[in-house]
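The following block contains the structure, expressed as structure tokens.
Letters A, B, C and D name the chains as they come in the text, with residue numbers starting at 1 for each one.
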Amino acid sequence: MTLALFIEQLLNGIQLGVMLFLMAAGLTLIFGVMGLINLAHGSFYMIGAFACAAVAAATGSFWLGLAASLAAAALVGALVEMTVIRRLYERDHLDQVLATFALILIFSEGTRWLFGSFPLYLDIPQVLSGTIDLPGGSRYQLYRMAIIGVGVAVAGGLYLLIARTRLGMRIRAGEADREMIGALGVDIRTLYTVVFALGAALAGLAGAMVGALQSVQVGMGEPVLILAFVVIVIGGIGSIKGALIGAILVGVVDTMGRFLLPQFFISFMGPSQGTAVGSALASMLIYILMALILAVRPSGLFAAKG
Amino acid sequence: MKKLIAAGVVGLSLGISGLASAESIKVGMITTLSGGGAGLGVDVRDGFMLALKNAGNTEIEVVTEDDGQKPELAVQIADKMVQSEKVDLLTGIIWSNLAMAVVPGVVQQDILYLSPNAGPSALAGAMCNKNYFNVAWQNDNLHEAMGAYANDAGYKKAYILAPNYPAGKDALTGFKRYFKGDLAGETYTQLGQTDYAAEIAQIRASGADAIFFFLPGGMGIAFMKQYAQSDVGLPVLGPAFSFSQDILGAVGDAALGVKNSSQWSKDIDNAANKKFVESFQAEYGRLPSLYASQGYDTANLIIAAASKASVKDKDAFRAAVKEAEFESVRGDFRFGNNNHPIQDIYVREVVKEGDVLTNKIVGTAFEDHQDAYAAECKM
Amino acid sequence: MEIGREGVINIVVAVALLAIPFAAVVLDETFYITLATRMAILALAAVGLNFALGLGGLVSFGHAAFFGLGGYAAGILATHAFNAEPLLLWPIEILGSNSMPVIWLTAIAISALVALPIGAISLRTTGVYFIMITLAFAQMIYYFAISWPAYGGEDGLSIYVRNGFPGVNTLNPLTFFLICYTLLIVALFLFAVFKDSRFGAALQAARQNETRVAAVGIAPYRIRLAAFVISAAIAGLAGALFADLNRFVSPSMLSWQMSGELIILIILGGTGRLFGPVAGAMIFVLVEYFLGGITERWQFFLGLTLLVVVLFARGGFIGLVAGRTRHE
Amino acid sequence: MNEPILEISGLSKNFGALRATDNVSLDLGPGEIHALIGPNGAGKSTLIHQIAGTLKPDDGVIRFLGREVNEAGPVARARMGLGRSFQVSSLAPEFSALRNVMLAVQSRQGSSFRFFKPVMRDRSLLDPAMAALDRVGLAARADVPAAELSHGERRQLEIAIALALGSKAFLLDEPMAGMGPDGSKSLTAFLSALRDEAPILLVEHDMDAVFALADRISVLVYGRIIASGSVDDIRNDPAVREAYLGNAE
């Protein structure tokens, strides 16, 4: 194993982490402010990817597609919030799980209804193709570097939004005490819709950016959703900072596990057994990580609420 | 609703002509029509229905139901079709794990099952059954073909890659069975994995001279896109699944030039295939995939067998299916002792025809190839 | 205790489920026996989950793990019996088995044994964390099952001949249904008895107010752990039956969608109600069956149905027809 | 004087820079009511939490029935006989008053791992529970869910639970809060009789009740006990008048 390969894998882990952060940030905000578990968050990821692919195919511009993904996910998010989600805030987690599970079925089949059964095409924009050189003789794909950049920018933007703006102040108030913001004269309904749409838009953005790397197809959101839940639980539900650190942790552990574990087991079990055991263990690794962290810190690393 | 009308029609025809009704055949099609894998099921179904239409056949009634790619649901639907719909034969399953769930139980009840896609090794070997016919391929076949082709192309050091599940292991085993060179690396990825940056980085560092991968569905799309975006640039080999017509559009130009193995291609030169490709395009407005060709062949096999024997006479009908005297779109086709195909397997290359990505045949990997498990089958 | 309105509905539900297979025999529609058996087994699994979820308020999003483990216990024992290979030679020889009682006990024991450490760790957390950590454990077992080649991996494991029960012919669908139905009734009986016992009192009180329970000197943790283990054991038993019904077991029995389905059954029927899981399983299987036959977009309409139930029929089916609970 | 039932010495607890409990020592002898008073934010709740075992002190020793209980959790202390009522009513809301009390009887009798006998037909649970309800005057409301009881009735129920536990000492956190004058009066009479059964550490804002009931009073201000003594001592203590009573009135 060379240093260059190690650095490249580390970057891959960070890039995966950043992508998970975009999903997890919305989830954790929605939980922190409204107390809602949203299983349908993966659907916004899918909607973002489909919107981007469809608009990019029609106009030839990835950037228009990206804008469309943000708009579409935010719009659908706001609509769903106003028609369905709004009725769930006062319910227990059980009802929320079931209702948003139902939404997954509706969105998945609805998307297939609209776009057909075959995967869509979406490629990375021309200006971001190619690689850049890194110290140590390794190279890294420019587009993935850009994803890391977007993730860092979003994290910074969210920090400024929450720490410095009126909306942020209301979000913080909402996290601290839900009744209080009503007393402050804030229109809670609008605030909730805005927060939900913001979370959906971030998921849509993640879906669009990743859609250029992967396959744009129905059901693409659910595996990411599960990972994003792992992230926010590790980080501490309701905490943006926890989501960021949890996401990077999960991204790096998952990538490095897939990279290093098979090699480790091959070194004393031989190639075929070692690969099998190492791969099996690698696929369980982040869940093991999560169980370990929760066993020691039952409310995650940076729990926002007790 | 549709089902009710169909049942009504059957009832009516029974009432009108009690004598002629003996020849009507009820086929149960269990296939995947929802979720991420729906494209494959849609193609098999469309190919199947097209064959019936082209033949002007009205005796075959098809009951279709979506299995949602869930084995338990597939089993339930199979029970329903056998016990409630009283189908004469079953077909349609796309995935090996669903086939493994459904087929052993169904064939035990003396119902014929014709596989239009999956061909798990167990069903070809020790668990083979007189009531189970595979009209597509045994799972290893296309991978074996790629192993043989890699030798012909002069590759000495291949990096091979598949998901960590039985069909993935069969795929790499199949490739290695024929490939004579060394392995630069062998990686099992997580099932459903969509980011291959880590694997691609390892491939770059491995010193391989070619890559063979089996990553069905969205996994293959993701891998090909990411591989093309990286600057590794080694030649890529794979079975047809990641380069079939249903997903080439989503892979895009990344797939151009890739060699892949298939028992069918739209440019196989025979009358049946020409008619199939033309009528499929006319009917559905898209090019057919190999899955569609398999559905089409399955239907034609049933039609041919029905013309020779009554479906009610199980033994005679089974014998008629085994003779396989139908115009296959892939040319020569016959069944081996284990009811799996003995057929040619081609090497195709992804090319662009106008704006459309598709495949053309560039060579033949095997002629009259039979699967490796036939000897284990005591039939 | 007099039979209230809910009691009447419970009896109607129980009789309705029992009547389906007999009607099927009369109408010569064997498939409806299969359908009723599926209802009974899913109901059994959901009754199991209801111990943790309904009585204890423990929203386990990982009960598919125990359901699947039970299934694998049945599949593995039956495979070894079929191939006449011992399961283990050392330190003691363990043979496969195709006897249902042996398989059931194994399934119950394995699920309970696995549930013990999972519960012990998970119960340190509460609320959403509990939901997610149970999910994480189930995912671990799911990925293990997919990548472990010995028992079929993702392809799963077939059971070639349905396992036997001394003295009866389990191949007869009606007999097999009656076995499942009997076990369901036994589980329901246990649920009703436990609910009214000291254990049930402590468990339900811990759901309503954990601090109170601790302040009177009862440790909620141990009570909950016991409930979690019992709950898993019943789910495991249901899994073994499910494997026998399908003649097949695969990792999809361990998937998070399966865990979600078990939760859905309970909510559909009515959370915390004795017969909630039974009503829920009957409705779910029927809806799935009819929608699947009508349209290939059945999942869309299934989602719509579930959404309507959550939003507008609070308390599920039993709540809808029996009214809200009058708490003791 | 007899051995104290509950004895606290040198107890301290910090939250960051805040000294919530500052070297507190107090004791509770048999048959007495020891009232703990102090302005809001004086650290009374923090102190109660440490005595009940839900918070761990940074320093100091808590002895109950002659044994050091610093390491024992709330469940263990409750089982030893430390009966507690809560500042904010803490009951199983769906259970009837009777079943709430039965839970305490059940705990007192030992294991809750009994799965088969129905509690509602178990005289060994029902009878003591009814007796406890009767003593606090709630017998007529036995079948009403706790959630539907009035505020005052819930305080009574809390005390019935503590009674049913057979507590060797009571830790009552503002039992008078939210009660009307009649309720307060009858509860005062009841608590006065209760001290013979087990001593009471009483945290209370209602000064009339405190002065009527307490054998001894300790005054907590900013986490420290500034005075401790009989009712008259406290009434006349200039420091208390200045620091607490003066401010309060």
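Note that contacts are C-beta pairs under 8 Å (C-beta built on N, C-alpha and C of every residue); 3 or more make two chains touch, one makes a residue touch a chain.
Computed from a predicted structure; not experimentally measured.
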Item checked: Contacts common to subunit C and subunit D (chain labels) -> none
Check: Centre-to-centre on C-alpha atoms, which chain is most distant from subunit C?
Finding: D
Next item on the list: Determine the centre-to-centre distance between subunit A and subunit B, using the mean Cα coordinates as centres, and give it in whole Å.
Entry: 35
Next item on the list: Report the inter-chain centroid distance for subunit B and subunit D in whole angstrom, where each centroid is the mean of the CA atoms.
Entry: 74
Note to self: Suppose each chain is reduced to the average of its Cα coordinates; what separation in Å results between subunit A and subunit D?
What the structure shows: 49
Margin query: Where in subunit B do residues touch two or more of the other chains?
Written below: 33-34, 164, 188, 190
Notebook entry, point to check: Which subunit A residues touch at least two other chains?
Noted result: 108-109, 276, 279-280, 283
Next item on the list: Pull out every residue in subunit D that's touching 2 or more other chains.
Entry: none
Note to self: According to the definition already given, which pairs of chains are in contact?
What the structure shows: A-B, A-C, B-C, C-D
Item checked: subunit D to subunit C touching residues, read off their complex -> 52, 54, 73-76, 78-79, 84, 86, 90-96, 99-100, 102-104, 106-108, 111-120, 122, 125, 145, 161, 165
Note to self: Could you list, by residue number, the parts of subunit A that touch subunit B in their complex?
What the structure shows: 2, 4-5, 8-9, 12-13, 15-16, 108-109, 112, 117-121, 123-124, 129-131, 139, 141, 143-144, 210, 212-220, 223, 255, 258-259, 262, 271-272, 275-276, 279-280, 282-283
Item checked: Contacting residues of subunit A [partner subunit C, same complex] -> 31, 37, 84, 87-88, 91, 93-95, 97-99, 101-106, 108-110, 113, 226, 229-230, 233, 237, 276, 279-280, 283-284, 287-288, 290-291, 294-295, 298-300
Next item on the list: Would you tell me which residues of subunit C are touching subunit D in their complex?
Entry: 1, 193-194, 196-202, 204-205, 208-209, 211-219, 223, 226, 327-328
Next item on the list: Going by the contact rule at the top, pick out the subunit C residues touching subunit B in the complex.
Entry: 29-32, 34-35, 38, 143, 146-147, 149, 152-156, 158, 160, 242, 246-248, 250, 252-253, 257, 288-289, 292-294, 296-299
